[in-house]
Structures are given as structure tokens and as C-alpha cells.
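Note that the chains are named A, B, C and D in the order they appear, and that numbering of residues resets to 1 at the start of each chain.
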């Protein structure tokens, strides 16, 4: 499979909302308070609001479900979502991957409307970082 | 079909994020900044963060998709979602209905984990109001 | 909440596909092989294909997720989905409720595109029966 | 991004169910009647039942949403879903990509429960073929 860099996405989060062990697993919501994204074809900031709803499944894998709004440096708004999995404990290392989708009305960025993008996530001291590539 | 009152939910929203006419319809995101809910069995406040993602479909009907976190007056957190439809223009009046789901880890409120609830929405001067009933 | 009868839906199913205890719970898929629906405003048959994907959550409640195609007696096709919950073991009786959505291109039935409908399900000797009402 | 071959998936389909131009776009359902999958780590057949629900969006891109059950040659059942996009008309060629998820209770195949997989689809004379790779 071939891919092409799309962006690096940094997120700032507020205190988590720990719902706890509910009917489907253990749920923690991460409010997104801002952030930035940077790539060759688009760059800008993450608007406040938006969240990442995470659910630790019975098998220990965490499912992510994020929805945010991006604003490019030339003023376009982009609705971005990703779903993903994070498994901290497998033999040989962790696995933290996402699949992103985008919606925009801005013609310059309409290429985003038709692509799937795969991201690799990591938790850094200053917050989550996702390196996202377009699937070619 | 029988139902039983569950709560009245009032939401406060920040400036909308108007994504515009995208690939699936016209998308507007309403950031939720707070609110309150009140019923015989539960009451409290809506935590900041959370959003209502709305999409005006090609046929003019608006689909709603909300996710928020409730905090009861005795400190339990409840993950709440609803999906709904809003049709302002039909002959004979508008139609604004939602279906809610809940997740909580708190035993006192665990009855919420297994029920479907139907809501009737309206836009008031001070923000959206949803009257929500448990489906019996 | 007020409602109005929409239809009674009878489903025929093939042998279940028992996936077993997976990462999210215990999954059983019910292939739909046919059926019929009958109401004042629409009636006809359920086309073969379509399934109900069910997942027993860690808390014992079963989540339903059905997708089928209806064909009315005058030849219109309707895409129907429902999500629901089934809880066989609560004190005081079982709870088996669904929320349906519809999509059709046929003008006669376009009223279905903008409504939410609530159903009450039961398992009979000859298969599942869902009594479905439009939420007014 | 690195990937590793997972399987080639061939699907057999029955006559499509053409719902037509509905509220969200033009909907066509492809009933799945069988098929096969083949990879180094798993192989077997696709059980009858299951469908691919497709929706042509207002912008002309087709969204896919498939759910099927796989049976491996040693008797394990796997619940498989994919979502994808198909764009036949862009300058320079078509784009037909999917993202798959899996659920199984069988320990031998439990590696599937925690991975994301990306597929490249094509329509051949004998039906759809999807070449699917695990995202590493």
C-alpha cells in the first residue's frame, strides 16, 4: 500500500471526563481545547470544542472516536473525524492507529472529501500527536 | 406506545462552526458550552465540551448527532448521545425529534444503560430545549 | 409522547451465525431471508438478504442493529434500518425496543424519510415480530 | 506507513436492490451471496447473507458500508465490516479504498481484533476483488 504525508496533528485536551466502567466498557472522554496541524497541502489550527470519545473494550483494547473542526491558515473550515484503536500491551510494542475522514465546502481543499487517511498516534508530554498519511 | 418523563434538557451553545455545503450536505457544528437537565429521577448540569453535529441533507431535513457528558447533582457522570431529525418546512408544522442513549458506571443510574428515550426539541431564545421521555 | 401505528413487521431468519465472545461482547448475526410488513399506509414483503447484527454487551443487554430492504405491494423499495436493545432479564419483565429509520426515492412513501419510529419486539414461534409506530 | 498483506477477498453478489435517489443520495444495496478469502495467515469462505450498502453522495463519490461473516478453513467465524469510498471519475484515475475491522472469538485469529486494515478494491468480470493489508 502506498501513502503520502497529509499532516501532523497536535491536540490540546482539557481534564478528561471519566465515565467509568459502563455497559460497553470503560469510557473516558477527552475534551479538545485546541491544537494545530501542519502539512505540505494544508496547515492551521484546531478550533476549541470537539472531543475524543474513548472506550476500553472488554479485551483491553481502547477504541477512539474523535470529532473536531480544523481551520486552515486561509480561513477554510474542515470537519474531521477519526476512529482508531490503541493497544498498549501487546507483545512487541504498542499499536495506536487511526483512520480519518474529512468534509469541507472549500474547493481548494475538496480533495479531502474523497480520501481515506491513516494515522499513527503517540502520547507526548505536551499532548497527543498524530502523523497522518493519505492512502494513495 | 407508552412513555414516561425522563428529563428536560437545556443546552448552551457557542458560536456555530459553519462548515458549509460539503460532500454529504450542509454541515453546521454547534459547540455545547453547558446546560442543565431536570427530571424526577435525575438532575444536574451539562459539562462543557461536547457538540451537536448537524447535517442538512439534500432533501432539506436536518440530521442531528449530539454527544455530551452529564453530571448529576450527586456527582455521577453520564455519557449521553442523541440522533435526531429536524424538519422545519413540512405542511402543517415542524418536526424535531431525537432518540437518546446513555452510558453510566453509577449503579443508581444504571437503569439508563438499557433504555431508549425519545425527545421533542425546540429552539428557544435562550437556546435549545429537549423534553425527553423514556420509552416504556 | 404521541405515536401512530406504522406497521407490523414479521421477519424470517436463517440459521444464526454465532461469532461468539469477541472483543466487544458476544456477537450473533441473524440472516434475514424474508418476511412481510403490514400497515394502513404501507404493506409488502421483506426482500431476502439483510441481517440483524446483535451484540450482547458486558452488562448482559443485547444491542440489535438491523438492515433490510422492503418492497411495497406497489413496487417501491425502502431501505430500512433499526437499532435497539433487548434485555430479557430485568426485574418485572423484558424490554425489547427499537428505533427505525427509512430511506426511499418513491414520492408516495417519502413521508418515511423524515420520521423516527419506535418499535416493540417479541420473539414468536414463527420468528420475530416488531410492532412499529411513528413518533408524532 | 508500513503495511503487510492480510488477504485477497472475492465477493459474489446477487441482483442489486436499487433504492434510488433518496434523502441522503442514491442508494444501492448489493446482497452478498458468498465468496472466498485467501492470505498467508487466514483463508476460507464468505458465508451467504451480508450486504454492501452503497450511497452515492451529492458530490458523486460512492460510500461503501459492508458487513459479512467469514468462515476460515478450520472453522472459525469472523465478523468483518468495511467502510470505503469509490470515486470513478477523478482526473487521473479512479480511487476505491476501504478500511476493514474484524471481530472473532477464536484465539488463533484474535490478532484481527486489534488491527486496522486498508483495502484496494476493483470490480472484475466475476465480481468485486479487494486486496487487503494490515496497517503495521
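Quick notes on this structure:
The criterion applied here is as follows: a residue touches a chain if its C-beta (ideal position, glycine included) is under 8 Å from a C-beta of that chain, and two chains touch if they have at least 3 such contacts.
Bear in mind the structure is a predicted one, so any value in this text is a computation, not a measurement.
The chains that touch both chain A and chain C are B, D. Superposition on CA atoms relates chain C and chain D by a rotation of 180 degrees, given as a multiple of 5. Chain pairs A-D and B-D differ in how many C-beta pairs they share in contact, with the greater number at A-D. Remark: chain A and chain D have CA centroids separated by 23 Å (rounded to whole angstrom). As a whole-number value, the distance joining the C-alpha centres of chain B and chain D reads 33 Å.
Shared interface positions of chain A, defined as residues touching 2 or more other chains, are 22-24, 59, 61, 110, 113-114.
Interface of chain B with chain A (complex): residues 14, 17-24, 26-27, 29, 31-32, 47-51, 53, 67, 69, 77-79, 103-106, 110, 113-114. Residue ranges of chain C in contact with chain B, taken from their complex: 1, 3, 59, 61, 84-85, 87, 90, 95, 97-99, 110, 113-116, 118, 120, 133, 135.
Against chain B, in their complex, chain D makes its touches with residues 22-25, 57-59, 61.
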